[in-house]
Amino acid sequence: MALFEAHELHLRFGDRVVLEDISLSFEVGRLSGIMGPNGAGKTTCFNVLTGRYRPDRGRVVFDGADITGRSPQAISRLGIARSFQLMNLFDEFTAFENVAIALPETRRRGADPIGQAYRDSALVGEAHEILVNVGLGDRAGQIAKSLPYGERRALEIAVALASRPKLLFLDEPTAGLGSDGRARLADLVRKLKGAVTLVVIEHDMEFLFSLADVISVIHWGQVIAQGSPADLRANPWVRNSNLGKLA
Amino acid sequence: MSGLPLLALERVSKIYRRGLFDRTLAFRLDVDFRIDEPAIVGVMGPNGAGKTTLFEMIAGSNAPTGGRVVVAGHDMQRVRYRERDRLAIHYHQSYQVRRFSRTRPDFMMEPAGSSYPVVHLFDEPQFNAQDGYIGFMLDFFHRLRGEGRLVFICLHPTAALHLELLRQTCERYLFVANGQARPFADFGRIISDPDVRRYLGALAP
Amino acid sequence: MSIIGLLPHLVNGVALGLLFALLALGFMLILGLMEQINLAHGSLFALGAYFAYAIATPRLPLPPDLLQAWAAAPLGWRFAAAVFVAPVLVAPFGVVLERLMRRTYGRDPLYGLLLTFGAAMVIEELIRIVWGTRDYMLPVPRGISGGFLMLDLVWSTYRFWAAGFAVIAMAVVWLVIERTRFGALVKAGAHDSEIVQALGHDLEKLRVGVFVLGTMMAAVAGVILAPVWGIRPHMGVDAVIPAFVIIVLGGVGSFWGAVLGGLLVGMVVGLAGAYASEWSMLSMYLLLILVVTFRSRGLFGKKSVLEA
Amino acid sequence: MRSGHTVPTLTPVMIAVWAAFATVPLWIEHVGLYQYLGVEVLIFATYALAYNLVLGHSGLPSFGHGAFFGLGAYGFGLAQLNLVPDLWFCLGAAVATASAGGTLVAAFISHRRGIYYSLLTIAFGQVFWFIAIKWHTVTGGEDGLLKIERLPVQLGVATVDLSHNVSLFYFVLAIFVVVSLLLWRLVHSPFGRILRAIKQNETRARFVGYDVWRYKAAVLILSAGLSGLAGGLFAMAQASAFPDVMSLHYSGYIVMMTLVGGGLVTFWGPVLGAIVFLLARDVIGAFTTGWMLWFGMLFVALVIYKPEGLGGMFLRPARTKRPEAT
Amino acid sequence: MTKSRVTRRRVFKASLMSAALAGTASFLGPWRHNRVWAQGKKPIKLGLTCDASGQYGNSGQDDMLGMRLAIDEFNAKGGVLGRKVEWITADTETNPATGTRVAERFIAQEQCGFLLGAIHSGVANAITQVANKYGTIYMNTNSSAPSEAGVNCSRVKFVWDGNGTNFSKAAVANAVEKLGKKWLLLTNDYVWGHTTSAATKAEVEKAGGQVVDNLLVPQNTRDFTAYLLKVQQIKPDVIAMAIGGDDIKALRQQIAELKLEDKAAWINNQQDWPDIWGVPETLFGVFGTNWYHKLALPGVPEFVRRWQTSYPKAPIPVPGNVSYNGYMATRELLRAIEQTGTTNNIAIIKALEGRKMTALDRMQTYDAYIDATTHQVQQTIYLAKRNPKPADKTDLFEIISAATPQQAMDTASLTACKLRPYADIPTYEQ
């Protein structure tokens, strides 16, 4: 069953068409990849799927409900989380606070103007658990800004996970990472796979071909190819290119 | 769209002059052709000959000086600005540029009457053999054509690969040069034309 | 009130609007191209007016005989000199301000705003110290002053000259931005400083250039408006707020937005002045709130880093 | 490893600040100043703390806050002159009036960010200011709302007269203590944490599920209400309410106080800023009418070289140890 | 006294240094020194609450020159009650909040027994409130909103300028008869403008004229084009202006430039001298004042000479009505102290209430008195117009009529003003 479906999304910025009737669907428990050349509209597409932009036409359906044009916070609360391509953390907060602020418990207590922010031990425990999960167990007290690049990437994912999503969107999680960091991140994503439905935008083909169950290729604001890694690799051009070799 | 040609350029001309006062001719393009059936059309021609201008006129973002462009029965200059991409869409490099010369307000225009573009104009798509996207792109052109659309691919060949791509993918051709766009029915004919051979130079087979 | 009765106020509103647009333009340049909110714009505007006054009346720190010779020159010459020289005299203030602002580049735009707020205070106090608190009037040459008859009403000749001059000044700025290499670089630099640096252009010089242009625009507006609005220390504050309103109304970074915003504010203030005079200044803010409520980036605004 | 720490409700700094203020009436006249100045400093310190909730803690650049201060002053005066001349009731009215103004403004601007936020606060500030000047029948226009009394404090059994500046000072101090304690708790509460999160990264806060605009609206209303409380106290101190405190200049002064003191980095910065600003105004102002020149230069220098303000200089060593303590 | 000012500065500098050394707030403040007057008797100390900046910065300083002249004259005679008269001033910034603080400081810290000053009615009210609280006598020198001696009157405040109603009474009836019945009002949109225009309107209607429209002009307006267009469209016989401060300067300039001064008769309620100085070419129409430095009355030239000798470098070379009011208020206050032989405030208030001042003494045409009901000085009100044959460059006005205090009296204020009983006034002696 498709957990998330997008039907013929169309979006323009002024006179510019950015998305041209994109349709996508992501199945429960799978890792779906989205790839495409630079400037093809991947991130814009992502932004529409997660509520940052409202499409001009088309529908987005999550878990059977039409969520087109809902606000990011509403979409987030339904159980869709995302990470960002450019670092997008609460820079002055510690790693712990970054995660804690994203927990639904914190959100529920948001109207409390008097109490202690982090007195709830269950909340503190859960935040730590998530940090341990992404391999940042010993970084809880560090300011996000001061963490090394790879760890900030992992923290991005931890923040996204903190809202206990049913569906997690990762926007170029390996961007800017060296091969070492990439491998570690791939391990982390592999660990998450199955536990949560994942959608990953990647420029790094190797990463997607090795992890994804299904891949959509986006170019010119539309889906120009779709299939399992094996299907896509069958294309002779892919076989003869770097892409083929890496895969 | 039965009976109507997918695309007709009826004695279309585009003239640019040097300036407001200096009325010397700077650029001139005359085109007159029609395509009735879905097809993939390869477009070649030297830089500055007017390939992009031609695409812009088809997409409706650039108004012809004379004549008219008709896409699936609609005169592009009479269609609402925002709906023109429902008829013809111009993919410029990686993103899609449209900058209309607006002459009349939108509400005085006709609706497009189509929900998906009939003519797809790919302006110099990046064919990089290294990354493998080329295969997806070619498949995509064929898919569009299979869905009954008209596909234009504009290329300025710089490698043998590019000519080979055009030969394999396209069914008809246009050569834009010297102020004209000349149609050719197949690869053999365009490649044997002396003007084209001169343009291709060393690349010519 | 009939249409005939309304007409003079519309004409007046347009003339006023052009002056407003001129006032807002320098502010727009610095905001739109450098993404810096220059609250000292009004003070530079005031300096332009004061320098013009010093040149035209003349009250200059010159040797007495030279000063006397200059004072004997026809007012037309002195006024023309004020129009062209005063902006040049104000330009160094822009350079200094830009130097001070450098430390705020790349930081929250709030700091640039605060810095210029402080600078505005300092300049205003300097004006008080040098010229005192009293009002001055910039004398206008006979040829372009006085009144003329139109629609059976007497109109101020100078206002129409000023409006015309505003149009010319705006056209010059438009040409500089749209038709020169400097303009093209500045526009590129505003959006992607890396590109400009990659092209080998000194971004610092470019920024100084923009700031000086913006400063001189402010000063020109000050000179042109001085005979209409008078010269007084707090004229800067009185000027910067409408400029701010106009820019946001028109859309940050949009040349034509600034022009249209200026015209709209001029019309509203002019009409309100005649028909609901006690609301004439308030009308400007209400217009702004109305427009921004429905078009969050103003009439022609585009997304900008200032919102982040 | 640091986990979820808690923040003490009472801190040594807090008690030191309160205690220091409590001694002011004992020595202020001996250093050549006067009691009324102490009252005014304390009122503006309260106002600056309330304002900093918006600027420093939530990162919302409001430049029209004087409107709320003024609304509080008029609310206090009008309630006293037309309704019930009871101190608590009138202070309540001050808070209610300013909060209502805050609610109206918040409804329009909470979806906005950055420069548009500032600009609309300026615009609304000007609108309120105009209304205060124009609506003569209610506000007294330029003449101001006069004959506002310093109402006595009714404490059930006892009544304290506030007509003397010293007794008023201690009453304002009591309010200051309550407000500062409340705000201290607030910035360390879940609500306060979320405000800080929004300040750092509004987009991300939305994507982790927060209705950011509600928080922005809530904090503006709260800050407006507390500013109004300070305004009410000011009306009592001045025995009148004038539109000037709502002007753009006064709105700018509160921003300056807050920043000069270091409101962006420290909780107590605004208090320091209010002290420095008003003292400078009084002391330099007695010496030269151009005091704004010197203060303006100080301000420019601070923005350039020490954007964290005076408070930031003092707290620098402490901050490296506890990087996000406020 | 200038001398005390210098001392203050030196002390101030020293105190700044010690502040820097101590690094705390516990420095010797700038004013402490003056509280203990070492030699002989304690001086009588006046607080001059004059604007030095803001809209009325110029007028405030002109006002102060008059006050200082009176003080210097008394000190030259050996002071009052054998005590020296000392003064202190601070900029009230044309801002009520500043006015409050300055008044508080003057009373509580400087121990000034008497306050003098204010042009702007908001500032005047702010000072009045503070003065009221302490029972300090306050001479409101130049603020001329009718409400000053009406609803906002006070037992401790004395109002020295003629107000809007006085000028209307003096000017309107005659003008309706001579100039025409169709009147247009041009009103500065604040309290002084409103009350003044209301008074004018009442007088116009009483005299059988008709007010066709009232254009409210926001304060600090400099561009009057919209209003002048409207004026031309309406074509009234008389335009009565209640525009103050620098606004009237700009308006006059624009009317003169467009040569509209002959299109209708212009009456400006009150023309303060500092507001016309520097732009004499824009003076037209009829306007009111309560004093002029070339009044053909005994004592005037002598006063002008004294003033000029004291202030050879004054921004305006001759005293005008603002400076005159400052002088008169200060002089009468000091005389009252001398006559009562005490600085007890109640005694001085009683001495001032109903006080009669001869025409000769006040350099006006008719005798004046301080109204005991309103604390306003009821005095001669002059109407003037531009002088076509000036004797010198300061000779701008031609006085055309003088109304008696009775003719010009603001009768409405008699019922509007409610003074507190003496028993409610805190008393003090300095």
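A, B, C, D and E label the chains in the order they appear, each numbered from 1.
Throughout what follows, a contact is a pair of C-beta atoms (placed from the backbone, for glycine too) under 8 Å apart; a residue touches a chain by one contact, two chains touch by 3 or more.
In this text the structure is predicted, and so the values were computed from the model without any measurement.
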| item | value |
| --- | --- |
| Smallest count of steps, each to a touching chain, taking subunit C to subunit D | 1 |
| Greatest separation from subunit A - chain, by CA centre | E |
| Between C-E and A-D, the pair with more C-beta contacts | A-D |
| Chain closest to the middle [Cα centroid of all protein chains] | C |
| Chain whose average C-alpha position is farthest from subunit B's own | E |
| Chain centre separation (subunit B, subunit C; CA means) in Å | 47 |
| Distance from the mean Cα position of subunit E to that of subunit A, given in whole angstrom | 72 |
| Approximate Å spacing (C-alpha centroids) for the pair subunit D, subunit E | 35 |
| Contacts with two or more other chains, residues of subunit D listed in rising order | 134, 289 |
| Residues within subunit A bordering two or more other chains | none |
| Where subunit C touches two or more other chains at once, by residue number | 128, 278, 281 |
| Chain pairs that touch, as defined at the top of this document | A-B, A-D, C-D, C-E, D-E |
| Residues of subunit B defined as touching subunit A within the complex | 61, 81-82, 85, 89, 91, 94-100, 116-117, 122, 126, 129-140 |
| Interfacial residue positions of subunit A with respect to subunit D in the complex | 50, 52, 71-73, 76-77, 81-82, 84, 88-94, 96-97, 100-102, 104, 106-107, 109-121, 123-124, 127-128, 138, 140-141, 143, 159, 162-163 |
| Footprint of subunit D on subunit E - complex, ascending | 8-9, 12, 15-16, 25-32, 52-53, 90-91, 95-97, 100-101, 104-105, 108-109, 120-122, 125-126, 128-130, 132-133, 145, 147, 152, 189-192, 194, 219 |
| Residue ranges of subunit A touching subunit B (in the complex, touch as defined) | 12, 15-18, 20-21, 36-41, 205, 217, 219-221, 224-225, 232, 235-238, 240-244 |
| Residues of subunit C touching subunit D in the complex | 37, 100, 103-104, 107, 109-111, 113-115, 117-122, 124-126, 128-129, 237, 241, 244-245, 248, 252, 278, 281-282, 285-286, 288-289, 292-293, 296-297, 306-308 |
